[in-house]
Amino acid sequence: MLIARVIGDVVATQKHASHEGRKALLVQPLNLDGSDRGDAVVALDSADAGIGDRVLLVTEGFSAMTSVGRPESPIDMAVIGVIDRIDLLPSSPPHLR
Amino acid sequence: MLIARVIGDVVATQKHASHEGRKALLVQPLNLDGSDRGDAVVALDSADAGIGDRVLLVTEGFSAMTSVGRPESPIDMAVIGVIDRIDLLPSSPPHLR
Amino acid sequence: MLIARVIGDVVATQKHASHEGRKALLVQPLNLDGSDRGDAVVALDSADAGIGDRVLLVTEGFSAMTSVGRPESPIDMAVIGVIDRIDLLPSSPPHLR
Amino acid sequence: MLIARVIGDVVATQKHASHEGRKALLVQPLNLDGSDRGDAVVALDSADAGIGDRVLLVTEGFSAMTSVGRPESPIDMAVIGVIDRIDLLPSSPPHLR
Amino acid sequence: MLIARVIGDVVATQKHASHEGRKALLVQPLNLDGSDRGDAVVALDSADAGIGDRVLLVTEGFSAMTSVGRPESPIDMAVIGVIDRIDLLPSSPPHLR
């Protein structure tokens, strides 16, 4: 999973019924220092995430499908949780990294 | 999913029956600012997309297969919707991104 | 799918029975302008492709497996069609890309 | 699989029940020389790994799901083992690499 | 599949029973000219490959799992064959590439 930020949403003429009633979020994957990690992608929301939330992004198809409980949906990325806290352990000595 | 633009199509001597009757579209993935995101790829159309349309592109195999309702098809990318609107929320403060 | 060119083949001491009787092709993924897209990869042939052919390359495992009708084969890439023609629509205005 | 180092953990408001009771680890993929390989990712722990451990990281969805014995979980990366030793054979002549 | 060279092995405290009795090989993906293609990865051996062997590397999860006959194993890469010969056809004119 990647850490990402919700930055918008996408309205599309969906042809596949499985996407109806689901928000398609525009999310920006992030590096640990908060900088952009590549460009934004579109993910289905399964965590009631809102604009500005820092979220967990699943980037693989079968995993993403199960997140919404619809294993026959054409979903390859999904937001599966809103991040409360990241603990980057300072106690780990630099040479261990 | 990625945002992409339909820029052409591909005619191939298909050996796999599952592709018959489906358009193989040439699509160019895009960054948020509209610039090219890598080079073009070939995706099966499941959204009646046309040349010039801005579309949602699924880039994972199992997801792409389900989009056309044929889980035993050799499809790894599919166009699953035509984008009507992208809302990039300006209300999210820069430091949140 | 990617556009690729068949540039050779690979003879291996196969340990998995599912690969027997199948050609393992060396294929070079291509950009739209015909330049190399990364380095060559090895794909199973399911389209009777020959050296020099421009082909459609499926790059995902489950999709590749279904292309040869053997869902329990260790195949992650397959050549699924020989390209006859690519129509890159000139009618699409530059600003649309 | 990639070699990675556990550098922290992530606490999220999980919406999917399958993640409950599992640690979401922040892991940094590594090159052979110990330098960073891209940026850190988030993986579910199925090896009782701790901060500072050098681990084996599975980066594909279906594989990751099976590592935790929950094939319907939205997991795309998992820590599946703690590395004891890497033998980089010096006996292999340079020209063989 | 990628062409790779076996350069070592990895000993890990495996938590998943499916990996027991299998060698975890350290393999270096290669470009056609023999140079390194990114950094080394860890793959399960299903071809009795040895140090220095040039091998076929499957890099997708479901494919890798089937290579060892264990579809519920957390394996995302596997060595599935030892390469005997690569025929890079010189008869293909440069302009065809």
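We just call them A, B, C, D and E in the order they show up, numbering each chain from 1.
Assume a contact is a pair of C-beta atoms (placed from the backbone, for glycine too) under 8 Å apart; a residue touches a chain by one contact, two chains touch by 3 or more.
All figures in this text were calculated on a predicted structure; none of them were measured in a lab.
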item: Distance in touch steps, counted as few as possible, from chain A out to chain E; value: 2
item: Mean-CA-position distance for chain E and chain D (Å); value: 19
item: Chain B and chain D, separation of their C-alpha mean positions in angstrom; value: 30
item: Per-residue overlap in chain D, given as positions that touch at least 2 other chains; value: 60-62, 64
item: Chains listed in ring sequence, where chain D comes first and chain E follows it; value: D, E, C, B, A
item: In the complex, chain C residues that touch chain E; value: 5, 7-16, 19, 24, 26, 28, 36, 39-43, 51-52, 60-62, 64-65, 72-77
item: Contact set on chain B toward chain A in their complex; value: 1-3, 31-32, 37, 46-48, 56, 58-64, 66-67, 71, 78, 80-89, 91-93, 96-97
